[in-house]
Every structure is written in structure tokens, then in C-alpha cells.
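Below are two complexes that have subunit A in common, paired first with subunit B and then with subunit C.
Entry: the complex of A and B
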């Protein structure tokens, strides 16, 4: 499936990613007891990001998930671990493609997207690494819903 | 909040049941309790987390509570919780898993209308509407909610029992080169590619092509 992020276009195996997440969603979200905090959607919803900033925010988020989330989400369940690594591989390839487009200066980082991403990092750093990573992984559908909403 | 020591068994299987984003909280009565159990309900937006009581579902004896209004923003995710009361004692609050209206709803089949000529039938499909608070409110088709929404259409020749399947993105389909004076039955299903959501197939709509002139 082809996604348009500003001037950049990235193909993403969204059906596999969604299927992988759906298979582990209950398991992962049950490891996150904190209802009062969200990494991605509060205080400012991801859905409020304006379209020119989509490319930059998406690249930041791919990097965030690759560097700060997937590697800290090891579980005792090999099925869950396999699904996580499959999703991680999809994100790795998407980040590479988006990174290439970004290098051609097609992916401007406006003030709003920089601010939004700072907020996400602040939310993440407000928890210990494992809890923050598990919560972020449990919010993957928030990211996927946002990406698909205006692909 | 002045509640007594809670020794009542807990409500069971507390979950959201959602169809076309009409989001109803449902549960089963605590084990071993007969009549007379009352319940109260609260809900929370994920990430904000402040529990909000639902006044219309306070001291109710039914085992469901319509939270469609409170969970109508499908860019948010939610939790809900139920507590039981009987003869001055109570249960613990029992919570749902995290509810995402966009991915956790079920979708009804499309509406199907058919017309025919002597050698073709025309099919018009209408996706269901998202639940709305009041009939006079503006209707939102699920087509607007799910940009990737498609239709799977089945056409059966009643005489030869031959069946065709079509997968279409727009909502009209003309099936040409058919036999005159023959009955055909049409059924359709909604298929959303991601998030993966499939409705059931609609009931069959049968129509006969006109006889040869």
C-alpha cells in the first residue's frame, strides 16, 4: 500500500503490520496498566498534525519506534516476540525509504511537528524504559490509524 | 465513597460490543447472584484516564449500558468499568480492555438495490451509516470513516447455479451478457482492507432479466 507523506511516498505492508499488531494487542496492552498517560495521543492528538508536517512527524515516529520501542519490548512469549520483530522489520524498511526522500529535502520539519515530537519524547521519558516502550507498542494502532486516515 | 466492604462476586466478561460504532458496554451478572443486583458504570478516555460516571447507568438492573455518545470520537480510545451492588455489599470495579472504536467495531452488510434489462443487471450498494445520537444529526457514511472500504458482490444464476464474485471500490456494478428471462440473486459484503474489517454478506436480492423482445 502506497502512503503519501507530504512530497514523499512510501510503500508499507500495512495489512501484515495490522495483522501482527492485532494478534498481540491484548497481550501488550495488558502489560500497560497506566490508563492516565498516552505517549502518542495526549495532551495533543496525533490527528491534529497538519499535512505539511506529516512527512517529518512520520519519519521521527519510525525512528522513535525503531530506536526506542521495539528493542525494549522483549517478552517471555516467543509468539509475541516474533510478531514484534516482524513489525520492526517493516518499520526499518519504511524508515529507510522515508529517510532517502528526506535527504532530498522533501520533508520539511515545521515548528509544530518538532513540538509534537518533543511532546512524544517527554511522555516517553516520563516512564521507565520498559514501561514506556511497552506503552508505545500498545499504541501502535493509534499511529497506524493516523497514517491511514489520510494516506 | 462510603461504599461497604466489597465481598460480592465481580461482574463477568465486561466488554464493548460495537456495531457501526454504536458502542454498548455489556457484562454478565456476578456468579451465583440471583435477582436484585444493581450496577453502576464509569468510563475513561485513554491517556486522560479520569473516570467519568454515566448517570443514566447508575443503579440499573440490566447488564448493558449504551456508551455510544461518550465514545463517539473514534480518534480516541477508551476504557469502561462496572461495579455490582446487592443487599448492602458490592463487587470490585471490573474493567474492559482498551477499546478502539475504529478497529474494534463490527460493520453491517451494505444495502443492495438491483434493477435489470434483458441482458444485464445493475446493482447499487450503500454502506451503513456511523451511529449518530439523534436522527436529525448529519449522517456519516462508514465510507468516510474507512477510505479503503470495498464491496465484494456475489451474483448467482438461479437456473445454472453458476456464481460470479466481483470486488469493487465504487458502489455501482453492471453485470452484462446475461441470459434473458432468467432469475439472478445478488448478495454483497463490505471489506475494509486495513484495519481488516469484513461485514457479513447481505441477504440475497433476486431479480429476473426481461424476456427477449
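Entry: the complex of A and C
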């Protein structure tokens, strides 16, 4: 499917990521005790990110998940671990395309979006790492829904 | 004491139409049933998760000498795979694939197509190739090759109605498979032509 992130037009196969997440969503979200807090949506929703900044923010978020989230989500359930592996590898593949597009189009993050991403990192650092990682993974559909709006 | 098991030999990956299999030669131990375990390592595990390995969903363990890793390879990145033999508590060394495998290299065969004329109706039957596949059908009236029509089929149903034909005219169809996840298509199937019922009647 073709996604429009600001100046970037990227063909991404999100179907498998969505299917992989749907298969483990209930399991992952059951491991998130703090339901009142959000990593991605506090204090403002991703939907407030301006269109020109979407390419940069999406690339930052993919890097956030690859570098900080997936590695702290190992569980005792091999089915869940396999799905997380598939999602993580799909994120790598998608991030590579986004990175190329970002370079070609010189997508930069505006001030507001830089602030938004800093807030996400602050939300993440505010919890112990496993809780933060599980909560972030449990919020993957928030990211996917926001990206789907970019089609 | 425990048996010393050799690592499986001749391991290779066979991938056709987005179905991926790891195969190896059997490890023979007289009078015993040897089992095998398969693990995978994607680019993420290699570069971001300390080179960890993920047990396969189908073969942990198995007595077969082939493992369907299709569900485990759900991303278009470079994977490595490994297999070892197991007998009781004994474990062989791992045998790891030489290079990497990326599903974008899967070989795609043309779709299996059957074209039917039902009176004036041009019908097509397509063999299902799996959830990753969609199909592009090209069809035209014989002699009017410059007016080819196209239809994209995302889900295979039993019979597909393509067109209503003119009496007695001959229509031709060919199809190719497309996998969106890897953005590749197969070659076209051979062209098949059928003739519509009816035609010129002689006025005496």
C-alpha cells in the first residue's frame, strides 16, 4: 500500500504487521498494569502531527520501537515471541524504506513534532523499562491507525 | 553414555510462491528415532537482539527432514536458519544455512487458470495460491489484440465472470500472480481461448 508521509510516498506492507499485532494484542495489553497512562498519546494525540512532519516522526517512531521497545518485550510464550520477532523484522524493512525516502526528500521534523517525540521518550523513560516496553507495544495499533490515515 | 550426534548435512531452503521450507539430510542412528529442531534469526535478532535465535513454530522438534518456515518468515529481511539433531538428551551441533534467505527471492510460478464459455459468458477459474497473492487477468476478443481489457482479482472465488461475449466470437485470456508484500509478479500463464455459443446462421 502507498503511504504519504509529508513529501514521502512509500509503499509499505502493513498487513502482516497488523495481523501479527492483532494475534498478540490481548496478551500484551494484559501485561500492562497502568492503563491510565499512554506513551504515544500523552498529552497530545499523534493526530496533531502536521502532515509535512509525518515522514520524520514516523521514522523516529520506527527507530524508537526497534531500538528501545521490542528488545524488552521477551515473554515466556514462544508464540508471542515469534510474532514480536516478525513485527520487529517488518519494522526494520519499513524503516529502511522510510529512511531512504527521508533522505531523498530531506524530511525534517518541525519544532512541534520534535517536542512531541521528546514527550514520547519522556513518557517511556518515566516507567520501568519492561512496563514501558510492554505498554508501547500494546499501543502499536495507535501508531498503525495513525499511519493508515496517511494513505 | 549419550550418543554423539553429528550435525545435519546438506541443509538448504526451498521457496516457491511464498512457501518456504528448510530441508536437510537425515542423521541416522540405528534403532532410534532422531528428532530435529529448527531456529531462525532475522535481521532484527542479528543486529538488535544480541544475535538471538527464535524457535520455529512448526519444528521444535520434528522427526521430518523438512520444516515449513513460511509463518516464521513474515518480513522482507535477510534471515538465517539453523537445524540440529536431538536424541534423548543428546544434541548435535547446529548446522546453519550458508548465506541469508530473503523471501523477496521466492520463485513465483504463473497461476493455474481455466477459461470457460458458458453460452455468451466468459468465465474463469483460478487456483488459489494463498493469502499473499492477487491476480491480474488480461482478456481480449481474438483479432482485437489492441483492445485488451484488465481485471485485478484480490481474492480467489470459485468461478469469475469476466465478460459477456458476442455470439460466435472467440475470446482469449491470460493471467499473472502478484505478491504485494514483496512487490513482485509471476510471468503470465499460457493464453487460453474459447468461443462463444451461437454464430452466423445461414438464411436460405
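Keep in mind that, in the parts below, the second predicted complex is superposed on the first by the 150 of 151 C-alpha atoms of A that agree within 3 Å, B and C clash if a C-alpha of one lies under 4 Å from a C-alpha of the other, contacts with A are read in each partner's own complex, and residues count from 1 in each chain.
Rule of thumb we're sticking to: a contact is a pair of C-beta atoms (placed from the backbone, for glycine too) under 8 Å apart; a residue touches a chain by one contact, two chains touch by 3 or more.
The structure displayed is predicted, hence computed values, not measured ones.
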After superposition on the shared chain, which partner residues are touched by A:22: those of subunit B (first), subunit C (second), both, or neither?
first
If you stack the two complexes on chain A, which partner ends up touching A:119: first (subunit B), second (subunit C), both, or neither?
neither
For A:71, select first, second, both or neither according to whether it touches subunit B, subunit C, the two together, or no partner.
second
Which partner chains sit in contact with A:92 here, subunit B, subunit C, both or neither? Use first/second/both/neither.
second
Quick check on the superposed pair: does A:11 touch subunit B, subunit C, both, or neither? Answer first, second, both or neither.
second
Given the touch rule stated above, what does A:38 touch, subunit B (first), subunit C (second), both, or neither?
first
Just to be sure I read the superposition right, which of the two partners does A:148 touch: subunit B = first, subunit C = second, or both, or neither?
first
Shared subunit A footprint, subunit B vs subunit C, residue numbers 1, 15
Using the touch rule from the top, collect the residues of subunit C that touch subunit A in their complex.
40, 42-45, 47-49, 54-55, 57, 60, 72, 74-77, 79, 180-181, 183
For the complex, which residues does subunit A have touching subunit C?
1, 11, 13, 15-16, 20, 66-67, 70-71, 78-79, 81-82, 85-86, 88-93
Please give the residue numbers of subunit A that touch subunit B in the complex, ascending.
1, 14-15, 18-19, 22, 26, 29-30, 34-38, 41-42, 45, 47, 138, 141-142, 144-145, 148-151
Contacts from subunit B onto subunit A in the complex sit at residues 44, 46-50, 75-77, 79, 97-98, 100, 102-103, 147-148, 193-196
